[in-house]
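Working notes, beginning with the structure itself.
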């Protein structure tokens, strides 16, 4: 069951002119969060902005074993993300969670390939840690506009997660979209499964998710994608966050991504 | 002409659980302010609260002769005053002014008697300084609920301003309303003007202003009162701040206290 | 009470909230059949409010009775069913079906959904339209019938009156205000449905005025809503004339709002020595105020 | 343009703003005679908005022409006079008097003030009421006649249409929404007038929708307003269908808003390669959007 915490800002680190990582003292939530779950966040007080906004839990913070809080990786695009970007230590951010369906983890010999586009990196820190903890060989495919917008590379590398990068301007890794290295590796692994099972995890802009789901399918690999829909409540109350999903009858139906997701099987989604 | 300044909070000092003095880096405004004028203030950003609020300029801050900013004396009663109470160094407060008609000063041998009720003390710091600078003998009658709510006594005393106090619980000065010591002194001064001219200045809750204006009149002394009306704009645009004033024809008319005041001759007001 | 469409079917909130404690759960608007609703984007935030154009996505009345109602009864919820018809017959049929179901406590007649052509707003915007729907439904049900009025009208009080004349047991007001937001960069409406319904604190002063007007026009109880986010807001509606209130948008912001509202109202009543809520209802004093010397 | 009642008579702002630069100054609502208006409290803040019940305090048309107009002409202002009558005859008389005055550029007919019984809203809420006022005024003046519509109606587009049929040269919309706020501690209305008009950002989505509806109902130009506080807001109204916009409440918050609005709109037009504002008017694209891969 989700809890609502008036979380104190412990630290706020700017990674670029748009990106920041904000540490929030919400141990109750951090402790209960599974990889892929999110929180509904409202910075400051007062009615502007009115509604909470969804953010993946980025890191779970620990001090000598004890969970002390969580961080959010935020990209500035509007009111709330600007408030998060400008927040200073001591401010409070009201934080509701954990919410949503987490990723399903895979065990060896299966491998885990995480595909992140931009701020879509957020859910993969906790997912990567959980996978590595089970000994699952984990790779992060990570794409962005330019090398300056690739963050936390050492963080992942130091945890034994292999990195495959792509940037649209070619300043780091392959030039172009992240699907370039992904398809190359899928091909190499071979659709005949010369390599053990691979689970493809993806988070990023929806057109990227669609491309990833399709290329995974093309090479016979299952995928789990975390979608980003505008959410009013995060708890199934408002029906704002729906996404079309294939139903039994071969038709489609709108499913609330806040409780039916945000993680879906790539094969289940209807890409409108 | 008024200016609008995004003023940085230099310091914020809490005087009690309700009262605070906030220092704002708005030298342009401070420099142009005459005693009795006010500023329209909006803390923080965003639409909540929407409208500015009026505050008297309390102190004009100087560093080696140069004007560096101004302070507001604020009493917490709602949204804006709570934001001012909680503001921290580095926050910005948008500050429009100076606005309104100032007090008319008097010169020796006339004496100045300033009568303050609670937060009505605000305009008398600058007025007191201006009067003392002209050598006018100045007295401050200052009333509040209890001694704990009488502030800046040394500040006034150190400038050679005589203090007459009253508290409703009798913890400092006369027990009761400030009109008690005021009427005693007016009586002593004598309506026959055994003492030179006295100008009575008053700021505080309106029923107090009414009582002061009446007692001054009773003893043949003129008064100038600074009224507090709810103000939407401070510039004569909205007609929200009106107060009934006697007109030539012996009738009354609503005058906008933001441009026709906030300082009025006590004798001109109609006390509804 | 949880406002319609703002609480799912209620079961979604079962582990966050004790449904038995919140007065009543008003269901999402139900049609006879399932509806897929409008494509996203379905909501957009506006100053102190939000627009929605969900399009009444829903499972239809039969699945509701089969899948949701038993669970809601188990949880001890008081169930007010919000029904929405494309035709007079559909309203009547919905009322008939629900009257036979176990655990339905009242019917809220949605003649005010601004978001769909056939959302009954055609009924809700005219006097006889309102009269006809309500009286037709009254004929086929023993349940309390509570038409929900639209604020998008010139004279809401006269509509409340015709609902009363038709035998309504109470009226709910207000539904959302028809509104619109445009993305200036793309020059496209922000909602896929182009227009949507405005809710939230922004509309509260208008909704309070409408409750005040209706209180003077009808004798039946009023259920007030529109931007309630605090106990003070709820009290404002009751003092204006509402016997009960519903909370919609604010529940999205704070799903734990219910206990806060109840505590705040209890505290207020103690401070003011008010024994029963009914003493508050419609108690607004419109005589001119005398002045006092507030020590500032 | 400065919205009526939000800019005094204009002269108040002369040293803060270059009146010649802001399009037009719409005067406070004028009657034939002086009016003292309502007693305080006359305004109250609400979420992202404010209520006002000023009661059209004013100096009357004759003093306006004698005392304010010469100064406004000297300052180079374009003067739109907002007129308000208790009767049809008073509207006509006002139009006649002002048509003979120097420096009046247009008449805005306030048939929508919610705050006073005789505020003409009785005209503004009905089709023939609107038609009668406008056609009567057209007969006696050569000046552009711009009725200002109330949003407190079921179908604003049909009212705009009847204004057009009556010969209106343009319509302004919207005036304020009838609303109310109650102080729960005293259980008294916060406004002395009990009810007042809601303005400010809170109402913008409703006002934009009404402009959009009217754009499709009439051919005459629309002057849009309601909660405009930024250049983006102004553009939203124009894209919805407004040829010009007025700013009211936001001017109270920022008297220097005018240059910011103009700069913001200029910047937008450059970014989008738009040469003339008219290209924007009513350009909202209601076809469904295609998707693109926004690199996030």
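By letter and in written order, the chains are A, B, C and D; residue numbering begins at 1 in each of them.
Heads up, the rule we're going with is that contacts are C-beta pairs under 8 Å (C-beta built on N, C-alpha and C of every residue); 3 or more make two chains touch, one makes a residue touch a chain.
Here the structure is a predicted model, which means the values were calculated and not measured.
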{"item": "Shared chain contacts [subunit A and subunit B, defined touch]", "value": "C, D"}
{"item": "Subunit C to subunit D, fewest steps along touching chains", "value": "1"}
{"item": "Greatest separation from subunit A - chain, by CA centre", "value": "B"}
{"item": "Geometric centre distance via CA averages, subunit D-subunit A, whole Å", "value": "47"}
{"item": "Cα-centroid distance, subunit A relative to subunit C, in whole angstrom", "value": "36"}
{"item": "Residues within subunit B bordering two or more other chains", "value": "47-49, 272"}
{"item": "Junction residues of subunit C - those touching two or more other chains", "value": "47-49, 200-201"}
{"item": "Chain-level touch network, classified as line, ring, star, complete or other", "value": "complete"}
{"item": "Partner subunit A, residues of subunit B touching it in the complex", "value": "46-49, 79, 88, 90"}
{"item": "Subunit B partner contacts - residues on subunit C that touch it in the complex", "value": "47-48, 291-296"}
{"item": "Subunit B - residues contacting subunit C, complex", "value": "47-48, 75, 117-120, 144-145, 168, 177, 204-208, 272"}
{"item": "Residues on subunit C engaged by subunit D in the complex (per definition of touch)", "value": "46-49, 51, 125, 152-154, 177-182, 184, 186-189, 192, 194-195, 198, 200-206, 208-209, 212, 227, 232, 235-236, 239-240, 268, 283-286, 288-289"}
{"item": "Footprint of subunit D on subunit B - complex, ascending", "value": "1-2, 4, 42, 47-52, 96, 229-230, 232-233, 235-243, 253-254, 259, 272"}
